[in-house]
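Next come two complexes, and both contain chain A; in the first it sits with chain B, in the second with chain C.
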Partner chain A sequence: MQVERPKVQGEAAPKWVVFRDYLRRNPMLWKTLPLFVFLVGYILYPLIRTFIESFYTNQGELSLANYRAFFNLERPANLEALFTSIGLAAASVVAAAAIGIPLAFLFTKFEFPGSRIFSRLVVIPMVFPPLISVLAYIFLYGEAGMVPKGLQDLFGLAKPPFVLKGLPGILIIHAYTQFIYFYTMTSAAISKVDASIDEAARNLGGGFWFRMRKITLPLLTPGLVGASLLVFMIAINSFSAPYLLGGSYRFLSMQVYVSKMNGNMAMAATQASILAMISIIFLLLIRWYSQQRQYKMVGKGVSVHVTEIRNPWARYIAMIISIVALVVLSLPQVTLFLISLVPSGTWTTQTFPPVYSWVNYKGLLRNPRLATAVKNSLTMSSIATLGALVLGSIIAYFLSKKEFKTRWAMEVLTMLPWALPGTIIAINLIIAFNQPTWLTLNHILVGTYWILPLAYLVKIVPLITRSVFAVFEQLDESLEEAGRNLGGKWFYVFRRIIFPNILPGIASGALLALVSTIGEFTSSIMLYTYSNKPMSMEILDQMQNFNYGPAAAMGTIQVVLIAAVLIITGRLFGGEQTGGGIYF
Partner chain B sequence: MAKRMQLWVFVLCLVGVLGVSMQAMAAEIKGDLVIYTAHGEEMPGDMKAYFEELYPEVTVHVLPMGAQNALDRALAEQKNPQADIIWGGPQDMFITAKEKGILQPYKPSFDKYVPTEYKDPESYYYGQFLTPLSIVYNDSLMDEKDVPKEWDELLDPKWKDQITIRYPLASGAMRTLYSAWIWRFYAEDGTPDRGYEWLRKLDANTKDYTSHSSVIYNNLVRDIAKLSVWVYPSIMDQRYRNGYPLNAIIPKSGTPVIADNIAIIKNCKNLEAAKAFVEFVGTKQSSMLMAHQYYRIPIRTDMPKATMPRWMDIEINPMDIDWATFAELSPEWLEYWDNNIKARNK
Partner chain C sequence: MAIVRFENISKHFGNVVAVDSVTYETEDGEFLTLLGPSGCGKTTTLRMVAGFYYPTHGRLFFDDKDVTYVVPEARNTGMVFQNYALFPHMTVFENIAYGLQARRMQKAVIQKKVADAMELVQMTGYERRKVHELSGGQQQRVALARAVVIQPDILLLDEPLSNLDAKLRKTTSEELRRLQKQLGITTIYVTHDQEEAFSVSDRVIVMNAGAVHQIDTPVNTFNSPKDVFVAEFLGHSNLFPGKIVETDGESIIVETEALAGRVRAAKTRQRPEWKWHVGETVHVMIHTNQLKISSEPKPENTTTGILRFKMFNGLNWNLEFQVGDGTCRAIVPNEFTSDYADLSIGDELTLCYPYEEVYLIKGKESSRDAS
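Presenting the complex of A and B:
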């Protein structure tokens, strides 16, 4: 803000003085300005550019032609895609809930041998790199998949008992990757139930179902609604599963990709705008709903009421269910590893691969491109994470500790990229930065190294902001006050008190963000160039040549990398999970 | 004496000019050369290595991607070209690229060995490999005599739910094939209607449309479907190099032959290196190398048959296509197919 010296004037203060005084009274306006420049410039502006683009034809005329074409009943491909996507998303919510809620009850409410380990391993689907893992699913449950064909061989059936394909196939993959949201929300809600209330109700003669209805469910509902909205939003934007399993069906996220492939940018912009609108509506719903759920337990010393299962039969049943659940959850990863051991050309119509060897891994070691791709992925992820960490921390600080009028705008803008699928973020960036702007220091960003880290950054700012925000919210303000009262300077207090307290939370959020960008696929496929080709694109190349073995080997390396990061943060073995299914 | 001086001055000048121009030539061909290619990873990687040996000052960067994707990117980057060359892709795509003004004309020395139908009259792009479309099957499960020999035989109801097809809107080669199927009727009637009818019957036999090319290989190899349609050289590649039991038949009545083209991008950053690369991959030696090692059928008319791989000894009857009209109409046809025919005939 450049402020000139005021000229002495008569009675009426000039407008700019009024404005200056207004700014002085509202210092948050200019303090938050740099953040809004980022949020508006790199998130809102590209989105709006795409929206504007959708009102122009490919010939550059202003018209509603694209929308007319989209909603044209004579050419129903787009409408069909819209309804299929919505239907699939709704079904995904039901399927994910059907898996997540019972598992959460089983592992959080009851104790039996191994229950603790199970409850921690249940997050395995989080380590699920896109695309290649969908391939693992096809090899596992698809037509000629190992499980259906194995069952067919075992029981001498004429046909495989079931196969995973088309819509049900995509649905199962969605349930597999997204049940974790229901699991997390449910188990968090269960842990919140004050055991003493439950016990009091029981002592007063309340039966299991009565207590369920009157105590547990009311506490559960907000979490479940939140999870439902979240899963719906992720499922409607899903790309990898429809890409490989879509078959004859249409999906909105695929239509965007196909339109862009066919050079019809106007239609791509229109489809992207419609998809974005749906996502934003859901984002606002989630935000509205999470503000409603302001009711907390008032009792002190909340502790999870864990029921130990004493009945030996019930114990066995619980253990069997857990083991089956874990086997099913880890099979795709095991399959991925299995495929990585199969040399090209050896596995044809046999149920299981007849030959195993390390040849694919050896090939990768000899291939310098792999090392480059790993390096590119790690470098870009780190750049994006560091940038997002700085931005996210400042945003979270403002959101958590300050009151200001534009708070809602900051919150919504920050969360926006989280609702937008990678395809749309990529399209937005292409449309906005295909010409020099001052935001990009008068450079054209499309086709350069930096566009991909920027896409990653935009995508993970919400993730980091949320986790840092949570840390700030938990930070006891009296700590800071005590430090200040004892005469500590602000920076000293920050360095010695605040920073050590928030570090673990911030670090785990950052590593989670790092993980989600290491495997990023949907933005990468549209934005990468020779200088920044990431791992997921190397995998795609190998797949394109039907070199499934080497592709799976790379996928396995990716899984190992991601799992290592998760283990380091302790997320895999303890703590709350909040970021699962980040790929879809 | 004076004459001698003159001679010396002349010689010195000559040497100087030569030296300067030599230096200039060497100096011009250096730096980075970026190639968007639809030829996958290995072959461009190999050619990159050879090229860099010839021009040590040049670093070649190869970005494998789908042909459509390459065109898309070049279009998106029009104001700031990131690549110098698009290598691979069908004629109609290059016609579009030329019309949108993203190509740079260049007449290479091998111009005379490329038949007119496989190059641009104004030298904006050159065909390099013949890529015929074919009917694909698993020859460990099916006898050659049972395999359809002609496109029309694919419509036989006995193949219901037996044909696996790459989703044509996502693949340059399949777009060409689908449009060519319509073209056969359009050329006679001036309307695509009979072509649409033909595609309806094919759709009734189609088991699934997959977005990814490898899934059709997998479907055939693992006996999930019996038949497919795909480019012939890629099938030979999978057959001879990866050892999969895949084989293909080229319909005798005529098949669309994609001339895999090469072109230089307008306003590219390294025009000299781009020209040198076009020359280099167009040589007889390069063509022979790519034929043997990478299953590409050279377009060059002066390749001695005896030196070519035996599987290339095939009869190709190119479908008669007016590629400019084809490029113009094809998007409309495919959009109609996508909206009104795809998966609606079960």
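Presenting the complex of A and C:
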């Protein structure tokens, strides 16, 4: 809105008048102020505090000593961690692509008995929170895992033929949980590309490899680049798998945790700053890349024709690959559930557990320790979700319906926690709120119950903002106009038309956020106290005491909750596969 | 250039029979149109020629070569898709050059051929444009250039005009016809729009529910439909069921309740291969433009109608009457001297139809023997 500057005759108007008029001309400045207080106060300020902290030694002197130590070639632990993390991330991209892309082609481009069901079921790894997927893999392929021990028994070997650990183990888990990003991006790109494009390419005489080179790959490139950036960012920030399987390897995300545990906060801040910088660069890359206009399909779409596989052998091979893929993909879930039925102490040297019962599930209610953990997780997730729902909805409303100069800042700040790993969010909160600030009502937040819900809230604001934003974007403005035109007052229109239309989207966003924090591990491990010990920490404790059953039971509950929410919101087995899982 | 021969071709999708034992042969350089309502199997038939579907039964030949199971890229057909299927990541030039590159032609040859093709469709100067920067009509021309530049044996057009507006559709179909004659490529064209089909084709195949109902020139298809489906699908006609009561050397007399009386039809107007017998059931077909309003009663082929509806569209008046226990439509030319404007609903008028124009369609059982 352009309003003319007030004419100032003679002497200049007092400064407060100028300021008042400026605010009047730009009402969005004060309307968005509360949101920016939150975004800057709880997201940007802690991040900057960490960055500043990295320039101070533990003795409080301003110096570059931390960075010198980090890049010290004589004691290269940190550099080693940096390069291991980068290498792991790159390898994860390759491994995830190698699984996700071929599967997407198999299920999207070809029709064979069962191809529809397979294409829906292939996303089942989405039901795993990071910690639980590692858990399931340890049960399945770890030192005492069913598969290595089973093979050992079967062939009478002296020791298990293989054991999942170290870098290859982490890589396999990354591939398992992250191929979905390649799968969804590729299959979305394939189904978005009109089938007639490929038919035209064949009709004009292009052979398989010629079409692959000239048509298919160029059209898939935007999606693949997007998926690669995303997987790289997730993999370099991964914490659960390195924590449980890393052994003697060093990883940057782990180093932050180790430094903090050793009380070397200056080094933790330095490592966190470097990791945060890498993440932010990737966030900006992803944002920039997704804004590059991808190919627009011209012409109206007509019905999709799927290639028929004529060759019966090809059909059988396609079916066999699908079945093998599904078995491999769903084994972890099955194993987790099986272990959850095994009472503690009954399974010692046998390959497969001899006794099964529901005792572990009953224990979740009866054992005060476990019940408290479950209750803590549910309470803190609910608090965080409610808070994030309010904030995220308002942010989404502004981003979708309003034009203002600081829009980009709001967008970037909102998405920032999405890119930052839980470790860094935790370190930031620790450094920012280990002293009283007005943001925390002059309390020290560190060591209290409330720091964990705050960390959860910060982490899920992007998730909720995004799903509510999508709802607002889809809401046709003419709906509201039609409602007004037919005589509805503003609130009547909101109640009868707007609200029913946005409710499902907002509810699904909130549910997704809720289940994604119930199993939160990475921030929790750095922030939890005795008063708010969440499920993930209890799982870890039970694992360390070799109480696999209760740990698996808690894991199964999380999986069931997530699966239920995914099914309700239509992300799992639904018609449209939305991009990726709920953790990113 | 090639002849396409269908031998008893059927295509099933699960339990659905999309194309049901179709047999016919194109002529060399012919413009052949598959016409029918949506779901009649015309697009499926075309896609079998392109090789995107393989027939469930039957064989397909290009000239004497059996191509039933040849992969699409080895058939040398040029297809224009309903949505054009232009490659979105390529320029106009790259789109047209694609087929030539797939054939590993030399760069200079490709340059020349693409330039010629672009001139042919009057798109010279648009080489470097991205396809989404083009209008619908321009996209359509690029799609056409891309299909003909490879010098296909057969040109396949799948409703290529359906995404254009009415005015552009008319000029483009004229252009298409001119281009096809100039290049002499055997062309199979799919449409559900009969005017489009009639104006461009040498022959028209009317299909319904997977079966071929009639293969004929546009004029014969319109004037002498082989069965009631074809007549009804093409429209512009009044159909009344009746029974033959008398025949002689020149004419056939049909009694129909719908017209409340007897109708006399000239034998010369009928399909020569059909024989007529007293007692057999037939349909009387009178084109809407053959129904006249008469001021004085005539001895035969006349009936009384009550006006139920009238509409003016410039050149003509569309009138609807109730006659006997049926309705019939008439299109009468608008002339200054005529006074249709003064007619009001409910008026009783005398309608007549010339003896030489009354066409009879054989009943279902007998029409199958004849065809």
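Convention: the second predicted complex is superposed on the first by the 466 of 584 C-alpha atoms of A that agree within 3 Å, B and C clash if a C-alpha of one lies under 4 Å from a C-alpha of the other, contacts with A are read in each partner's own complex, and residues count from 1 in each chain.
Note that a residue touches a chain if its C-beta (ideal position, glycine included) is under 8 Å from a C-beta of that chain, and two chains touch if they have at least 3 such contacts.
Since the structure is predicted, the reported quantities are computational estimates derived from the model, not experimental observations.
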Touching partner for A:T529 - first (chain B), second (chain C), both, neither: first
First, second, both or neither for A:N262, with chain B first and chain C second: first
Which of chain B and chain C A:G205 touches, first, second, both or neither: second
Which of chain B and chain C A:I215 touches, first, second, both or neither: second
Touching partner for A:I197 - first (chain B), second (chain C), both, neither: second
Touched partner set for A:Q544, first chain B, second chain C, both or neither: first
Chain A residues touched - chain C or chain B, whichever exceeds: B
Contact residues common to both interfaces of chain A (with chain B and with chain C): none
Residue numbers on chain A that touch chain B, as the complex places them: 74-77, 138, 142-144, 165-166, 242-244, 246-249, 254, 257-258, 260-264, 344-349, 369, 430, 434-435, 444, 446-448, 529-531, 533, 541, 543-548
Footprint of chain A on chain B - complex, ascending: 34, 40-42, 61-64, 66, 68-69, 71-73, 75-77, 79-82, 96, 140-141, 167, 169-170, 206, 208-215, 217-219, 221-224, 238, 242-245, 331, 334-335, 338-340, 342-343
Complex interface listing, chain A residues touching chain C: 194, 196-197, 199-207, 210, 214-215, 218-219, 295-302, 305, 308, 310
Chain C - residues contacting chain A, complex: 47, 50-54, 69, 71-79, 81-89, 98-99, 101-103, 131-132, 134, 136, 139, 146-147, 150, 156, 163
